[in-house]
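The following pair of complexes shares a single chain, chain A, combined with chain B in the former and chain C in the latter.
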Partner chain A sequence: MIAALRKEMLLQWRTRAQFLAVFVFGATSLLLFSFAVGPNAEDLRKFSAGFLWLGLLLSSTLTLSESFHAEMENRALEGLLLLPADPRVLYYGKAIANWLQLTFLGIALVPVMVVLYDAGTTRIPMLILVVALGAAGLSAPGTLYAAMTAQVKSKQTLLPLLLFPLIVPALLASVKSTSLLILGDPMGSLGSWLSLLGAFDAIYWALCGLLYGRVVEE
Partner chain B sequence: MHETANNRYPVLPFILIGLGVLCLAFGSYFGLFVAPPERYMGEVQRIMYVHVPTAWNALLAITFAFVCAIVFLFNGNFKWDARLEAGIEVGVLLAFLLCVQGAIWAKPTWGVWWDWDPRLTTTAVLLFAFLGILALRKFVEDPVKRGIWSAVATIIAYVDVPIVYFSVRWWNSLHQLQSSPATVSSQFYIPLRVNAFGILFLMTGFIMLRARLASLRHVNEIAPPPMMAEEAGELA
Partner chain C sequence: MSDLAIEAENLARRYGRRWALADVSIRIPAGSVTMVAGRNGSGKSTLFRVLSTVIRPDLGRGSVLGFDLKKHREDIRRSLALLSHSNYLYESLTARENLEVVADHLGIERTPIPMLLERVALGSRADDPVSTFSAGMRKRVSFARVLLQEPRVVLLDEPYAQLDPPGFDLVDSVVRELKMRGATVLMATHQLERTAGVSDYALTLEAGRVQSFTAIGARA
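Moving on, here comes the complex of A and B:
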């Protein structure tokens, strides 16, 4: 599994220009969201958590659908499956790599949000935790669906079509937690949203790993 | 069932559909003309006699698809893939009808077409999730991959339904609480039950017909082209 993860990280390091491009895409969408609401600073601050997560979600479809690009060239996936390793190891290697990438992307988008919407928080470690948990919720089913859609023709359409309805609970919990961090949490409900997010992550990291072997088998 | 019955004309689904139409006709007549109007919501409440049975059956159809997905992953028999396709398609249709009926009822009652209530939102999410799976099936040409992938996607999406429900419930709630037969007068629940069975019969009939269609399509798909089949016949 370490080897699988190392391979993914190496690939991502070599395509770091792509990460930068996706980040710029995410930042651009954050800029565009503010045009939907208008220049009212109060409204923008209120919706900032939602914008951050929608921006990350849109960017994630780009990184996820690209994540099987290398495997599809020269039928490399078949070669990997011939290795004496459990396909689940390949799944977890890729899912962890995607998770790290999305977490960094989310953390990189936070300053953009703070500058554009004046939506800062002093609880930085907590915010990083929320971003990491939310990114985990996106990457577990996202990696599984990317493995399917990478092999069909219109992958750019199909991946969001399958992924977006599925991650509604994770999106809801991430937006809610982030906005509680930014706007204050008078009811102390942050913990329950975080546990919902954690439960979603646990279920899908287990379930998708279990099912991945059937998805890639020939 | 389908291997032997392929050439025979399917009778049972049509009997079930006929029975379903009869039940719906009786239940709707009873619900529209015999049952008294509800005290607070008035005549609008009568949509409940189709709305609640649709909801039960939509969930039933999707659950059926989920069971088919699990069985297909274990035994790889394409009979179950055909049933999965039928279950999802009928379930998506019922979920769509459910949203439409709900909107028709919500406008006079709540004053809005749509509300972010847990059951409403869950139905919409379910509708879109399973529409996505139907789209996936259209894009994958290899029948084996199509079967396995849609079974996997069905399992993942089905597991999501309760999570969506509870997360939206924490987020917002306004919907009518469920009533149990004990709290409702018999004049209300007779049309409800008759209609529920009506839709159940219709749904079962449709699923059977649709599964038969999917099976026939699959047979057609894996069959060798006619030229090769003839050659094979000559060789034999």
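Moving on, here comes the complex of A and C:
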């Protein structure tokens, strides 16, 4: 697992300029969403959590599909499988690396959201936890589907088509949790939403790890 | 243990409706070097991809070192190295890092890597990204990768392609070294005269079928 993760981190470090490009894409998305609502500060604040996660979701499709570019370029993934490397180890290495990248991206987008929508919170550690759990919900199935679509010509279209319906429960829980942190939680329901998010994360990570071998092997 | 490293019986593989391999039956003795000849599209690469368990045969059965092609893929992969048309390298990593990835995944020491890179004449470019390499240099890194694996069976798919004359000599010396180590080598090539000098057997494929399998050199 350490070997797989080290390789992924090294690949991400070498293509770090791309992280900046994806961040700019996400930030631009947040800016464009604000135009849809208009200048009403109350509305902007109300929808800020949803817009943050939509921005992260759209950015994630770029990150996830790009994470398999290096694997497919010279069939490097096939080379690793022939060593033989355990497909599950390769999956978790890549999924963890994608999760870290999406978590950093989400955290980087939060200040943009605060500035654009005036939607801050004092519960910063909790917000980071929500971003991390939500990013885990995106990266686990996202890595699996990115592997499935990596060799398809229209992968940029196919990946969101396959991924978005699957991650609706995790996305819903992430938006609701973030919204409760920004707008307040008078009913104390944050814990329930976080539990739901954590449960879906556990299901995604377990199931996708099992299925990855079937996806990458003939 | 059998004296045969590779056995195949009526092996067949198709892509869509076209049979790339049909009714291939071969018996390759352990420790031998076999030259695999045939025109473009004759099934050489498909045979190598089936034997290395990249793809499964549609019909027939086969084994490598006694391990069944369909049931014991992991065991075969542990003992076999494939030099493919795809070089299996990460473009953004250096030559050294690419080999380190292989060593780390195999769970072996990284210590032989500098020596191997010197061996393939890339010692001075070890820390350059592979994306800056020519096709021939990438091939040399792939050879270092094969040697790092210390395989018992080696499949070299057009090893001379893209190499310069010193590269040709490198291939010959690597094949001789592998043979001395007791490895079984299959080499698909169009450089027939050159390869005949280091080969024990010649296997000729035509339209996915075995046309001939003959002993050459000292074994003839």
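In the analysis below, the second predicted complex is superposed on the first by the 218 of 218 C-alpha atoms of A that agree within 3 Å, B and C clash if a C-alpha of one lies under 4 Å from a C-alpha of the other, contacts with A are read in each partner's own complex, and residues count from 1 in each chain.
Heads up, the rule we're going with is that contacts are C-beta pairs under 8 Å (C-beta built on N, C-alpha and C of every residue); 3 or more make two chains touch, one makes a residue touch a chain.
Please read all numbers here as calculations on a predicted model, not as lab measurements.
When the two structures are aligned on the shared chain, A:Val215 is found in touch with chain B, with no touch to chain C. Contacts of A:Arg6 after superposition on the shared chain: chain C is touched, whereas chain B is not. Using the contact criterion defined above for the overlaid structures, shared-chain residue A:Arg16 touches neither chain B nor chain C, since it reaches no partner. Counting the residues of chain A touched by each of chain B and chain C gives the higher count for B. After overlaying the two complexes on the shared chain, residue contacts for A:Pro169 are found with chain B alone; chain C is out of touch. Once chain A of one complex is fitted onto chain A of the other, the partner contacts of A:Leu83 are limited to chain C, with no touch recorded for chain B. Comparing which residues of chain A touch chain B with which touch chain C, the overlap is empty. In the complex of the two chains, the chain A residues touching chain B come out as 141, 144-145, 148-149, 151-154, 158, 161-162, 164-166, 168-169, 172-173, 176, 192-193, 196, 199-200, 203-204, 207-208, 211, 214-215, 217.
Contact residues on chain B toward chain A in their complex (touch as defined above): 73, 121, 125-126, 128-129, 131-133, 135-136, 139-140, 145, 148-149, 151-153, 155-157, 159-160, 163-164, 166-168, 170-171.
Those residues of chain A whose C-beta lies close enough to touch chain C in the complex are 2-4, 6-7, 10-11, 14-15, 70, 73-76, 78-85, 218. Residue ranges on chain C touching chain A, taken from their complex, read 52-56, 73-74, 77-78, 80-82, 84, 86-93, 97, 101-102, 104-107, 129, 145, 149.
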